[in-house]
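Remarks on the structure that follows.
The chains carry the letters A, B and C, assigned in the order they are written, with residues numbered from 1 in each.
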Amino acid sequence: MKKKQGKYWKNIRIASSTLFQGLIQTSKHFRKAFKQRNAIGVEEENYFHRSDGLQTVLYPHELLPIPDNGRYRLHNEMDDCIVCDKCAKICPVDCIDIEPIRAVEDLGKTSDGTPKRIHGAKFDIDMSKCCFCGLCTTVCPTECLTMTNEFNFSEFDVTKHNYEFATLTPHEITEKLEALESFNKEKEKNELKNKESKVEGTQPRPKIKMKPVIKDSAIEEPDKNVSGNIKKPKFRPRPIIKKKKED
Amino acid sequence: MNWMTTIFYFFGAITVLSALGILFTRNVLHATFLLMLSFFSVAGIYVLGNASFIGVTQLLIYVGGILILMVFGLMLTTKLNGKALVTENHNRLIGVLLGTVFFSILSYIIIFSANFEMLKSNKTLPENAVEFIGINLMSNYLIPFEIAAILLLVALIGAAVISEKRKEKQE
Amino acid sequence: MSTIIFFLPFILIYTIFAVYGERKISAFIQDRYGPMEVGKYGWYQTVADLLKLIQKEDIVPKKASKKLFLIAPVIIFTSIFCGFVVLPITSSWEGTLTQNGVYFLLAIVSLDVVGILMAGWGANSKYSLLGALRSVAQIISYEIPVTLSVLCVIMISQSLNLQEISYQQGILINAFPDMENVKNYLFGISALNIDVTNWGGVFTWNIFRAPVLIPVFIIYFISTLAESNRAPFDLPEAESELVAGFHTEYSGFRWAIIMLSEYGMMLLVALLGVILFLGSWNTPLPNIGNIMLANWTTGEPETIAGNLWSVFWLLSKALMWIAVQMWVRWTYPRLRIDQLMSLSWKYLTPFAMFLIFVSGLWRLLMI
């Protein structure tokens, strides 16, 4: 009985003191509300420094600066693109849709010197599907596909999230297709001719032996420096994840 | 007929009509709300009759207390099997007979034997009615007042005992 | 009766500003801006919201009990609005039912439970029903500490008349009929023999006239928070569990009426609290020697100055009270239902009963 009584008064004491502290705490925040947070970017030194006053910014009017290497909307520089389709293949959510047309004529080179062979008739990126993993930008051989710091691209219509990067007009596309078709026909004819002429003396092509190129471990372990030494794969214990029993 | 009389008849009509509604409606919940309306207009009549203390007491005890508990209980129980709670008629003959007898006795008493003293002598209630009631409760009518208090206390303790958890059953 | 002319438009305008104030206070406490778009500093946000609410469709759920569902918001608002008729506004403009003012208020304040029950039950939704049940249990339990704390004040002031209680708490005490020779003493203790009748100001407020009323005041504040279903006692509309509690199914104008009555209830308990504890329409400034601050800021009754001063003091105190209610709301987390009940029955009610006893004794000191 006595113990219970002690708890009763203790409850009252704790409740009143903590309630009072709570009021003091919120009133502190209320009084500092005339101060504002500075709109500084994440690169600034005191970005994570907790300041007094309002913590939010008036978004459309004020903006926290976005770093230049932000990874938001995808952008493809079509002049540099060799339409290799790697990005579409690696994309885990299949948001890149590419339609290639093989070029007949010489297309020139990209800015880093890779020769272009294929027209991109269609290069669509559906940003509403994109999961922003950035895999496509890492596989891109000419580094034409990049993520920009443009993050504010909300739309009222979801189909507007489909960004088209192909520069060819429909007329040009039909032109290219026709050119390719005539080129193919000509090629077939040529091949037929070649076959007829090469019936008797066919030479087998020299086989190229594929050797796996193993990167030298010299960079990692300069002491060993034994050429041709194939490093054994290290045994790495895998974390064992026990499956939960389902009832 | 001045406007006070008009309002009096208005309240009277509401009281009687809602009481009749209680009689004729089948839905218990609707009956409860009609009863509330009836109590309200009775309180209004009290206030008109310069007895605002009794009027407010009517509101506090009947509408604010008893009726809310009734509605509370009803609402918890009516929709248990998905149907509205409806009243049924039993013992119609005896019911009608008893009702008529009681109604006639009561109306006889009210109409013929009640002498409306206040009306005859043209007296009005004193201005400080509350003080008057208070002093009388604490002096002339102390014993009934205390008995009522003890009754309420007993009811309170009884309710606490009934709602107490019984340890034997839990184990 | 004529005070309705003042209170009806006042509640409507006050609610618009109170909702805005609530949103701003909550924002500042949580280090946000709050509404900023509509008008300068978002001043017209509530007006815009109100316009939107009026235009919205009035939806009645198919399986709802239509009559009860439609009439419930009206009953909630009416029962709360009825409470305003007994309140005095100025030193010469008093409410109706003067002899039993407080008594009537206590009776009527609990009646909105009926409307809440109708709304919750009539909507035929689990959330609404749970909210309504909680609300009834809560309001009925907290009526007891409210009534007991009001009773303490009545013991001290010896009157159920709100205007008389108001007059007692200021320098105009002798202007009220039957109180020509009454004197106020410091802390109400006549043995000290310090006459503060002419000091006025805070020295004659009820919480100063009888310091026993300070804990009573706290009990009143806590339990009226619960009566008006405000956080931390907002279990009937616990957003995180019950969507919106008893008014889950309401939309548009009917929902607006329910919100209006919630804010109306806040104003009602704040006004009653101000009248009972914080000097009603009396000025807080006392007379100091020759500087007659109390006289200057009260004015004579029946004059324009007197009316203006008293309505100013009454409303500013009540609005301060509401600001504190909002401050409390955005500070504390919600109570659990058993904590709520134990607070009422184990803590507030016994203390209030004890304080009634003490107030009775204090009244003896005041004679």
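Just so we're on the same page, contacts are C-beta pairs under 8 Å (C-beta built on N, C-alpha and C of every residue); 3 or more make two chains touch, one makes a residue touch a chain.
Quick caveat: nothing in here was measured; it's all calculated off a predicted structure.
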item	value
Contact graph of the chains (line, ring, star, complete, other)	line
Innermost chain, taking as reference the mean of every protein Cα atom displayed	C
Most distant chain from chain B, judged by the mean position of its C-alpha atoms	A
Centroid spacing, where centroids are CA-atom means, of chain A and chain C in whole angstrom	58
Whole-Å separation of chain centres (CA-atom averages), chain B against chain C	29
Centroid distance [mean C-alpha coordinates] between chain B and chain A, Å	76
Junction residues of chain C, two or more chains touched	none
Chain B residues touching chain C - in the complex, by the definition given at the top	33, 36, 47, 52-53, 56-57, 59-60, 63-64, 67-68, 71-72, 75-76, 127-130
Complex interface listing, chain A residues touching chain C	8, 11-12, 19, 22-23, 25-27, 29-30, 33, 53-56, 58
Contact set on chain C toward chain A in their complex	25, 27-33, 36, 327-328, 330-332, 346-347
For the chain C and chain B complex, residues of the former touching the latter	68, 97, 99-100, 103-104, 106-108, 110-111, 113-114, 117-118, 121, 129, 132-133, 136, 140, 143, 160
